[in-house]
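Heads up, there are several structures right after this.
Here chain A shows up in two complexes: once beside chain B, once beside chain C.
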Partner chain A sequence: MDNIKIEGTDRSPEIDFEFSNNKFSIRGESYPEDVTAFYGQIIENLETHLSDMDGGNVEFNFELIYFNSSTAKVLMGLFDTLEETAEEGVSVTVNWYYDEEDDTMEELGEEFAEDLEAATFNMKTLET
Partner chain B sequence: MSFDLFKAEGEIIDNAKAVLDDGKATKTTIRNEFQSLLKSYQKLFKESRRLVRMSDRNEAQLSQVAKNLDEKSKVLEALSEKLSKYLSPQVYELIFSGERDGGLMTERKKLTVFFSDIKDFTATTEDLQPEDLTFLINDYLTKMSEVALKHGGTIDKYIGDAVVIFFGDPVSRGIQDDALACVRMAIEMQRRMVDLRAKWLDLGYERPFHMRIGINTGYCNVGNFGSADRMDYTIIGGEVNLAARLEGICVTDGITMSNETYMQVRDHVPADPLEPIQVKGIARDVRPFSVRGILEETGTKKRFIRKEAEGMRYFFDLERMDPKRRKRAAKELEKIVTTLRSDD
Partner chain C sequence: MLAKELYDFRSVIQSQGIIFCYSGYITEPVLTGIGEALKQKLYLEEADKTTMRNIFAIFVEQMQNVIRYSAEKEPPEDTDDVNELRYGILNIGMENNKFFVTCGNKIQRSDVERLSDRLTDLQKMSPDELKSLYKQKLRGPTEETSKGAGVGFIEIARRSTEIIDFGFLDVDDDHAFFALKAFV
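Showing the complex of A and B:
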């Protein structure tokens, strides 16, 4: 699978999916005009890649400042996929980066963490 | 592309429908499907609650941002309102509407320039207390500025008791109309001064101001002069100096204009020619004209009626008298007339 690198914009986050190293990250703000158009292909590629894995390690980094409800739905689906991957025996680590003054992102991270049991979820404050 | 945000939910509904439609489904199958449906519903319930919370949080944040922006906007509005007092309204409007850049830029344009000052200002005011002088000068400049703005003049600056106004930039109605607006403004100013003097005399100021006016039409450099850090929107050029010079030779309560201005307004404004003069920096002889009949009755109502003589003094401010008050005043005057006549 080819790596995916998409520059961030005012409305969409930076996407950096290194399939070769199993290292993935989403950074920035996310309220694209068409969530399906923005996330559709990359999520499909990710799901295909993860379902093909047989053991190994996956690291997923989130560094989000703001996201809308549609993006939240995408993220919840993504966490389901990561949890299922972990249940299949892959070691999955999710790092949720947030600004220590951003209570909203901290609370959202804590809520997402509740859904993950097989995958490891780490809350990390951003170094300023 | 088969990506669908609600793909999982769609599949659950389809499965549930299929079981319901299957006439041969066993109790166990139905029970298993029901359990699956419940699990999915619980998940959906959790997600819905999370999304509602998130939506509320976002809404609260946006509301706070909007409130902060509103407050900042009010502060900026108040600030620009204060700053606007330092600019001519036309210039303020152009800058704040974005039509004009704030850079150092000038252009050459034919303008009509107005220059006025108070005759014998220093001698007239030397006995005045600073507070009285402040009141008089502010009252005078306020009323003159009102007239200037009414006629569309760009108030360039106040230099002590002197006022510089020009017509033709940033907005022009054409050279002729600009000149006519300027002369009409000057006539109205002199007429307004009559009322002002009546008011000032009534307030106890013994030597009220008299104004002299010079007007010239010609090519000037207009725009932002100064440095990138501090600039003035103003006019410069020999034609500006000529307006000041014409003011210098003007009679008290009069208006003197150059031949160039007179040529633009002669069909509308009567004027008498004066002796030609020479002005430093201008090669040609300047032929001035004095506007005639400035204070003649125009049919417009006067605001103040005032008369003072030995043993008699009266003052009426007609704007402050409604019909009832006027009727009462008329009755009082009739009584006075009767008293005065009875002594004959």
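Showing the complex of A and C:
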């Protein structure tokens, strides 16, 4: 799978999917006009890649400033995919970076993490 | 006369604590533009980051509701035309030292009951109940009448520091005006 690099905009996050070394990052703001158009294909590629893995390590970094409810639905699906991948024997580490002055983003990270058991989850503050 | 008329109009708006007022067709670029100005204003007001992000989040969900669901639109018939325009009104202001975001648009009268029941349920929920419903909706299938995730109202209720306020007004045989107000 080719690596995916998409520059961030005011309304869509920077995407950095390094399939070659299993390191994935989503950074910035996410309230695109059309969530499906933005995330549909890249998430599909990611899911295909993860389901083909046989062991190994995956690192997923979320560095989000703000996301809307349509994006939240995508993130929830992504967390479920990462948990399933970990259940299949892949070592999955999820890092949730948040601005320490933003309580809501901290809470959202904790909420998404509640359902992770097989995957390792870390909360980290963003360097500002 | 012109200046007086417009100044009086402005005074009426300002006397209600309104900082931003927009009435017209709401499009994604309108959301982007007002959103940028809103961020700057909140920054200059030195609002803390949690407050800033909560106001901004409520603003985005409210605007996207109008863009997706307002029943007052051009052209009037249902199309997949990307040039479709939908009408709504947005007020952002301060009342009793709290920010508020109010949004209104026409809806079909046949949708009033469903919407009213849904929002009444949200009003009664505790933060924990709202969280559970939010996660349940994020995992559930997208509702047929919903072009978004169907969780916009829950998002608004969760980020409000007071119980959300809403109301309906019948405006003609087919339409009602729907208003929703949230405080942060």
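What to note about this one:
Note that in this section the second predicted complex is superposed on the first by the 128 of 128 C-alpha atoms of A that agree within 3 Å, B and C clash if a C-alpha of one lies under 4 Å from a C-alpha of the other, contacts with A are read in each partner's own complex, and residues count from 1 in each chain.
The rule is short, and it goes like this: a residue touches a chain if its C-beta (ideal position, glycine included) is under 8 Å from a C-beta of that chain, and two chains touch if they have at least 3 such contacts.
Please read these numbers as outputs of a predicted model, since none were measured by experiment.
Aligning the two structures on chain A places chain B and chain C in a clash. In the superposition on chain A, A:44 contacts chain B only, with no contact to chain C.
Legend: residue contacts after superposition of the two complexes on their common chain; A:54 is shown touching neither chain B nor chain C. Using the contact criterion defined above for the overlaid structures, shared-chain residue A:73 touches chain B and also reaches chain C. In the superposed model, A:127 lies in contact with neither chain B nor chain C. Shared-chain residue A:102: touches chain C; no touch with chain B. In the superposed model, A:11 makes contact with chain C only, not with chain B. Superposed model on chain A: among 112-120, 130-138 or 166-174, the stretch of chain C in collision with chain B is 130-138, the rest showing no clash. Common to the chain B and chain C interfaces on chain A are residues 35, 66, 68-70, 72-73, 76, 80, 104, 111.
On chain B, the positions that touch chain A within their shared complex are 1-6, 8, 47, 50-51, 53-55, 57-58, 61. Listing the residues of chain A that touch chain B in their complex gives 35-36, 39-41, 43-44, 66, 68-70, 72-74, 76-77, 80, 104, 107-108, 111. Looking at the complex, you find that chain C touches chain A at residues 28, 32, 36, 48-50, 53-54, 56-57, 60-61, 64, 131, 134-135, 138-139, 142, 148-149, 151-152, 154-155, 159. Residues 10-11, 31, 33, 35, 65-66, 68-70, 72-73, 76, 80, 99, 101-105, 111 of chain A are the ones that touch chain C when the two sit in their complex.
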